[in-house]
Amino acid sequence: MLGVCAAALLAQAPKGWVKGKGYGWIWGAQDEVGALNAIMSPECVRRALSEVKQGRVYDLGVRIDRRSYKWPGHSPIEIMSFRSPHGVKVGKDIAAFAAHPRRLAFHSCALFISDNVGTQIDGLGHITRGQDDHWYNGFREQDYGGDFGLMKADADSIPPLVARAVLVDVAGWKKVEALPGKFAIGPKELEGALARQKIDIEPGDVVLIRTGTLRYWGETGADHARLAEHDSAGLTLDGARWLVEQKGAVLIGSDTSGLEWGGDPTLPVHEYLLVEQGVHIGELFYLEELARDQAWRFALIVTTNRIRGATAGFALRPIALR
Amino acid sequence: MLGVCAAALLAQAPKGWVKGKGYGWIWGAQDEVGALNAIMSPECVRRALSEVKQGRVYDLGVRIDRRSYKWPGHSPIEIMSFRSPHGVKVGKDIAAFAAHPRRLAFHSCALFISDNVGTQIDGLGHITRGQDDHWYNGFREQDYGGDFGLMKADADSIPPLVARAVLVDVAGWKKVEALPGKFAIGPKELEGALARQKIDIEPGDVVLIRTGTLRYWGETGADHARLAEHDSAGLTLDGARWLVEQKGAVLIGSDTSGLEWGGDPTLPVHEYLLVEQGVHIGELFYLEELARDQAWRFALIVTTNRIRGATAGFALRPIALR
Amino acid sequence: MLGVCAAALLAQAPKGWVKGKGYGWIWGAQDEVGALNAIMSPECVRRALSEVKQGRVYDLGVRIDRRSYKWPGHSPIEIMSFRSPHGVKVGKDIAAFAAHPRRLAFHSCALFISDNVGTQIDGLGHITRGQDDHWYNGFREQDYGGDFGLMKADADSIPPLVARAVLVDVAGWKKVEALPGKFAIGPKELEGALARQKIDIEPGDVVLIRTGTLRYWGETGADHARLAEHDSAGLTLDGARWLVEQKGAVLIGSDTSGLEWGGDPTLPVHEYLLVEQGVHIGELFYLEELARDQAWRFALIVTTNRIRGATAGFALRPIALR
Amino acid sequence: MLGVCAAALLAQAPKGWVKGKGYGWIWGAQDEVGALNAIMSPECVRRALSEVKQGRVYDLGVRIDRRSYKWPGHSPIEIMSFRSPHGVKVGKDIAAFAAHPRRLAFHSCALFISDNVGTQIDGLGHITRGQDDHWYNGFREQDYGGDFGLMKADADSIPPLVARAVLVDVAGWKKVEALPGKFAIGPKELEGALARQKIDIEPGDVVLIRTGTLRYWGETGADHARLAEHDSAGLTLDGARWLVEQKGAVLIGSDTSGLEWGGDPTLPVHEYLLVEQGVHIGELFYLEELARDQAWRFALIVTTNRIRGATAGFALRPIALR
């Protein structure tokens, strides 16, 4: 049954997409979802799940703690034991535990954390542009910025994602453990890797690009030097255009902290994808196991936390299902 | 194909479960997963996904912000604009943005947040017991407690969950919008609701119990009085025992902040499920749309953040797929 | 010797002050200090200390913890045990303590705290006005606001204060434990209290006005209802004008959370003192012991934390010396 | 008059001090103040203030921001604009500002901060020792540790300090800008510096030792490498013993982040001063201006924030008065 739905869908481009043009601000003046609108239908969900044959689950999230690699411009990460059995018992500030018949107590943590750490999906309001500091769909800072995060296109507005996804293993194509720093991934490299894998991208697909950088994440990303060495490999503006305008990608991610090629600090890929095309960006997706299993196509399921105002989904655990 | 797997599975109890006894500390001395071990096989994943016929996605998470309803013993929630376009441009502390040719800037947030807010899954180390403050599987505070959260059975150790789930609509059975405060849900109530729904629970199922409380969540749970009025409706120890020992539930959740009946402040259900049985607890799962659609059985997919040490998955967005 | 200095000073108005006009933006375009400039000279320090006869020290700060009374619009207070002996020893993350020969360990706390809690001095950038959001001395948000607090007139720019101060005990004059809510303190009330105390205010003095509210602070300000009952007693705009323009006060404080009369929510006294006159505001100064001892004049010494960007000195411990 | 008091005091040792032995746990079983008890009398306050001749104020605090030098084991520093004029106006969440007639708004900050940063006074509970993790006066973790900081001998229990203080300029004696790393300051070095300065330490004095490290603090301590180069110069255990047992120092501070000699990572000076003697430790006191002016003796006034549970006074602004 699922196969039928997928076939029906393949016969046509996803809603909204125009070859040679991509997506853009086409979903209505108040839209906060962007290109993902194209794959929200039940048919698309069934199509995505039709990739699941074995029932194998891959965890694409990287574990973080206070020492994890991150962009230094973000606020730090602290996971702090807030209530502890000892503290609950000595503190006696909660009646139910002050003299519990079975000596029950509890743990909870307080977190001070950035919404731009760990495995992420950048929300469409992450990047702003111009004198009026507008973001996707023309939302302007003077109208929708605020003290408590974004009032339009925050990470909470990213719908639960059940999508068909394609892995483009550029490191595998180059036969290296991980791409060298500042390796530029453009259309030629993407085509090369796809040819080796004998697959293609279809309109409406999520595209995940492997550089191999996360091979060095280890337990919690503590080896900053090693990670930084490879982390600047990434997608060029030409590569991003090709994926969206020629191939119809609805979300583009990779296993680096910024997706895009580190050679241009002006972030043209972020600007193009988030602001102009309304295409979300995935960062620090762990793709090593998928690559090892040559799992080139799969259902990707990922949900962001329901935190109003957050600019990105952070510390995520996307899963790939085959 | 999926149907076959499910049938095979239905012919036998899930791994580890013993009728009349449940689960318990049976998975090895270092196990941090508990009863969910029973449903981690590819067969179980396929069985769960076999519930998906239409491709409909239900979002079971509730949105939170600084005013959201929560247990007062937890630390507060602040989502703070950390970097803003104005601040980035005036601050000039990041070279790439100090004089950007296209006036790019960005938003990010810093969060101060409890790991026990919003839609949650309590980790198996949340509750401790006894003089030695041990939790599930005998992990003791003196060995595995610490300053940065749990060193055993933290929320990061909760595997990505793709499970078959059953909704038990007790509020629907009682024909009320929401159950009154301190309404006790025991075996009789669960059987009553299941009979009305004409379904049963099978071993290995996730069970979600609806009280109707989240009907009053609104945008972000700001009406504390209204929510508190119903929030103490919940599962009794007898009810929990029946679900685990007679029915084989692997995770039990509801739409209240604590799952269990508010009449007993000593938390016997938390103790029984988390410490004794290794059965995770779901809290503040939004079940209103499922109930409206009489969606009694579905695939439940939920992942917690990959944050080492956290005691619970928080601000989650579980999804139900049909 | 000290007496001579004081006498010399008393013979003239403090630098910058004009009777009938007060202070204002007279200290130069880059000034961040305001009216306190008038009393920064060594002569004024000696004059202040000449009030010290006995060597008695009064602690004017109120102790805070997570439950303390504060304006609900500010961020909350959490003082969290960050490192504990148990956590240091079990965590083994710091070499020096992992196997210490004498079993040394340590405590430290992480604080999540507002810069507007406890005993405070509002910095001159706390309040902004107008379309351009300017504050004292015309500093505008577009130039000096930012992501990390104030870039002009932050609390760090408040100089260490060694000043002569006068207590105006309005509650004592009214013969009440504490003034009733919304009791308005204008020139008449101030004159009444001063007459009872048989003292006057001299130009260059700090003025501290007692309502009696902090009589109910207790350990850490946990009785919010009781405190709120009196906390809206306060200074009217007329009273503030009289103190600055007729009396030459350089800083005006009280024992309430907002100094000013609670009947006008538009904060005219904050606007007048901070923005127009450059006169700092003191809040939640504990004046009970001074009143009990009829200590009407004293040296006031108070320093704010050296935290760049903070908008107010918070959780302060000013001292009165006699 | 003040001179008389000082003379009276000089004729005898301060209360509690025994030459050759120092202070110790002599102030009663519940005492949280330690050696500072010796100088709390009005006579001592007058004696301290008798050092003030000119009325000059020296600011001994260093300014901190998110980049400031600190021990890496402490939690980070973030000073975040919590409410901003733009956010207040756009957010409209506070009635008084939603439509203010004069367009008033405000700034406030939220701070995430360690209680061990900037200019500090270590509280007597900072360091623990032994199997039972006890600190000064035998307070044990099992009785007085907790989730919200220390329940005995927290920084709030440090009384407002008005003390006579002596500067021991070791860097000046060695004729260097700053002492080299791991320079050990023992009795010989202290005596050498005092001889050059032609002063002595009297029982009851605060002693501040200058290494010159803070010459490189700059605006906010951003040059970590330069600071770290000198920061390990410090007091040896012999030096600490000599100051307390032979000279009667009640508080010992310096211009480094840890006071003690960096050559011994087991922190014997912290253990000796805080745990055994009940003598507080001062860190990162800015002594450059005092040294330049050869201000060898002065009144030191310093107060810690009134935050219950904090383990140290942090981001302090002590002042020296001459």
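Note that the chains take the letters A, B, C and D in the order they are written out, and that residue 1 is the start of every chain.
The criterion applied here is as follows: contacts are C-beta pairs under 8 Å (C-beta built on N, C-alpha and C of every residue); 3 or more make two chains touch, one makes a residue touch a chain.
Everything quoted here is computed from the prediction, not taken from an experiment.
Of all chains in the assembly, those touching chain A and also chain B are C, D. Looking across A-C, C-D or A-D, the interface that copies A-B in more than half of its residue contact pairs is found at C-D. Of all residue numbers seen at the chain B-chain C contact, over half occur in both copies; the interface is built from largely matching residues.
Chain B and chain D have Cα centroids lying 47 Å from one another. Chain C and chain D, compared by their mean Cα positions, are separated by 23 Å.
For chain B, residues that reach two or more other chains under the stated contact definition are 75, 78, 80-84, 86-87, 110, 112, 141, 145-148.
Interface residues of chain A, counted against chain B in their complex, comprise 1, 5, 41-46, 49, 52-57, 59, 61-66, 73-75, 78-86, 94-96, 100-116, 118-119, 125-131, 133, 135, 141, 145-150, 156, 159-160, 162, 220, 265-267, 270-271, 301-312, 314-319, 321.
Of all the residues in chain B, the ones that touch chain D in their complex are 78, 80-82, 86-87, 110, 112. Residues of chain D that touch chain A in their complex: 75-76, 78, 80-84, 86-88, 90-91, 112, 141-148, 151.
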